[in-house]
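Next come two complexes built around subunit A: one with subunit B, the other with subunit C.
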Partner chain A sequence: MKMEIVDILFAFFGAMVVLPVIYMLITRNIIRAAFALVISLLGIAAIYVLLNAELMAVVQILIYAGGIIVLLIFGIMLTKRVSDEGVVSEHRNVIIGSALATILLGLLTWGIFQSGLVWEGEPNTVDQVRTIGISFMTDYLLSFEVIAFLLLVALVGASYLAKRSGNI
Partner chain B sequence: MITFLVFLPFLLGFVVIGVYGERKIAGFIQNRLGPMEVGPVGLFQTIADLLKMLQKEDIRPKAIDKILFLLAPIVVFGSIFAGYASLPLTTEIEGAGFSVGVFFLLSIVSIDVLGILMAGWGSNNKYSLYGAMRSAAQIVSYEIPLGLSVLAVVMFYQTLDLQTISASQGVLGNEPTYLFGIKSLEVTGVGGFLSWNVFTMPFMWVVFIIFFISSLAESNRVPFDLPESESELIGGYFTEYSGFRWGIFMLAEYAMMLLVSFLGAILFFGGWNTPLPNIGEFALADWTTGPIWGVVWLFSKATFFIFLQIVIRWTYPRLRVDQLMSLSWKYLTPAAILLLFIVGIWKLWMA
Partner chain C sequence: MSAIPLTYYLVLSAFLLCSGLLMVLIKKNAVFVLLGIELMLNAANLNLVAFSKFNPNLDGQIFAVFSVVVAAAEAAIALSILLNIYKKFDSSDLDDLNTMEY
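Up next, the complex of A and B:
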């Protein structure tokens, strides 16, 4: 098997996804764990680019790395003061947790090999955004609207909770 | 490659001249002279300051989180500089070839919040942390009106590719263009400022104002410089930084100003298109369109917006935190959504 540049890049970004997650499991410093998660998520975005899914990659960066992680870190910073002795987590349920994770990993690997997924070849990248947009508004309209409605409900609920607990 | 060969040298040169220009303009506004001592009319002041800054000791406080502290400036500058990759330079040279264009730019620039949070937390300093948290809240809030105003332009031209958006605003476009959208005022072959986005679609002026205000907030400039307000927080998230690392934060701030100026020029004011229209025999637009002219027009438009940002910095006072939030959520975001609706109706009705 000949190693091509894409394979080397794939291996590099794969390591970029896996290694920070292992660091997250070992470290007790929550802030560093959160930043390690960012590296992992950016690695996933890079793999999307290698698979020609540019829109997915950008959405991954915007929503996960730029949005969710910022809120996560923001939450940690608001709950702890600087003068505290750092923010640490504990290691609990090590044996049960790792056993469950191993079972899940085995099931996923088995499922992926059983599913018979094959590489479909280079997709048409010229009008990816247009194609996805049109299928959102035609074939998948119902699920799209249901998700939009769900997000609206979550937004209204969040602002209600924030107002009730605040002093405004 | 264009990003490294053209934008990086231009950015570094721009920072040297930009800082000098900013101090001179500040001096003019406050009725004083500004830097005058080093070189003729103080021209070498920034270079002298730069040399002094590079020689400073790289101080690292004892109680810092070392990895986060040292990585933070690189993350901030790297993410902003990555945004330059998708900018089209001129008629022949477009940005990196992905179909998502401006969407990539907005998403990669949003990573710089993480760098700011890293700096704030890693410094282990009360003021740094306050600055970082203010900055995170501000940048996350103002991304929404910024994204919506960009979306209005994207909807109008029906593409995310900045090169296509630029080409549609001049003599090289494929679609017919009308002045203020009025069918009897066709300016398809005329070009010049008449076919720029803001002149073919008058509501774009309002969209541009929203874009400009949010871009000021995104680049932490006055009146939105709460994350680094000297009078309250010493220096915000980069209080503990010194020497070259502090210099990278400053470079990132100027890079962000320049990036949003480029983006504003491309989205609303024709990008690399000439402002001179064809008038009968005098085909000024055709004469002044080309690879070299494109660079000249794009850079002069961006520099003009930098000038506007500097004038605003020395004219307006800083906002309060609650005013900052209510401006974004209660005024800019609803206005941007309304304009998005208007642009959609316009697109259906006028086409």
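Up next, the complex of A and C:
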């Protein structure tokens, strides 16, 4: 099989996703794990581009790598003093947990290769932002409103919880 | 055009799911558990986007956008709960949370 540029890109970005995740599993330092997760999420955004999903790639970079990671790092820094002894976390149940995860990964991989799923037809060439926007306002209007309300409630609830802890 | 088969993306997603699960299982700190949950949600998103590559309706990507929004809400709520837990127990290790009284 001849190596094409897409294969090389997939291998590179796949390694960019997999290696930081393995580092996150073995490290004990939470800050380092959070920044490794940033690299992994950016790799997933690149894989979305390989999948012709530009909107999802932008959403991934904006919300995950921009928003959720900042929230998590705030959470780490508000609950630990980073400068003191380093923010470390112990491991437990390593052997049985690794065994379970390895068995699950093996079963999933076996099932995926056994299923022989393939894509059919042609890759879509539609204008993605336009199509998704129209879908939000027509077919998925109720879901869109519900998710907007959920986000509002979550933000109000989060600020309420954080404020109440300061008063007591 | 698409030289990479669908199964490779699914295997990558399965790896992300299993490592997120392993992180939830073996780490003691609550922030690590949240990182593992984010990894598992990303595995689901990767599957949805991969399945919608050849679908002109883009239903999978719309699902993935909803899933990202739910993940953001979950992270905000979980971290504010974690702040309260830290103020109450003076620790964010899950093994130290051994009482339910407030």
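In the analysis below, the second predicted complex is superposed on the first by the 144 of 168 C-alpha atoms of A that agree within 3 Å, B and C clash if a C-alpha of one lies under 4 Å from a C-alpha of the other, contacts with A are read in each partner's own complex, and residues count from 1 in each chain.
The rule we apply is simple: a residue touches a chain if its C-beta (ideal position, glycine included) is under 8 Å from a C-beta of that chain, and two chains touch if they have at least 3 such contacts.
Fair warning: this is a prediction, and the values are worked out from it, not measured in the lab.
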Joint occupancy of subunit A by subunit B and subunit C, clash or fit: fit
First (subunit B), second (subunit C), both or neither touched by A:N93: second
Touching partner for A:M137 - first (subunit B), second (subunit C), both, neither: neither
More subunit A residues in contact [subunit B versus subunit C]: C
First, second, both or neither for A:G67, with subunit B first and subunit C second: both
First, second, both or neither for A:V118, with subunit B first and subunit C second: second
First, second, both or neither for A:V156, with subunit B first and subunit C second: neither
Subunit B versus subunit C as contact partner of A:R32, first or second or both or neither: first
Subunit B versus subunit C as contact partner of A:A15, first or second or both or neither: neither
Minimum Cα separation, subunit C to subunit B, after superposition on A (Å): 13
Residues on subunit A lying within both footprints (that of subunit B and that of subunit C): 55, 59, 67, 71, 74, 78, 126, 128
Residue ranges of subunit A touching subunit C (in the complex, touch as defined): 4, 6-7, 10, 14, 17-18, 21-22, 24-25, 30, 33-34, 37, 40-41, 44, 47-48, 50-53, 55-56, 59-60, 63-64, 67-68, 71-72, 74-76, 78-80, 89-94, 97-98, 100-102, 104-105, 108-109, 112-113, 115-124, 126, 128, 131-132, 135-136, 140, 143, 147, 150-151, 154-155, 157-159, 161-162, 164-165
List of subunit C residues in touch with subunit A within their complex: 1-12, 14-19, 21-23, 25-29, 31-32, 34-35, 38-39, 42, 45-46, 49-50, 52-59, 61-62, 64-66, 68-77, 79-84, 86-87, 92-93, 95
Footprint of subunit B on subunit A - complex, ascending: 29, 31-32, 35, 38, 54-55, 58-59, 61-62, 65-67, 69-71, 73-74, 77-78, 82, 125-129
Residue ranges of subunit B touching subunit A (in the complex, touch as defined): 65, 67-68, 98-100, 103-104, 106-108, 110-111, 113-114, 117-118, 120-121, 124-126, 129, 132-133, 136-137, 140, 143, 160
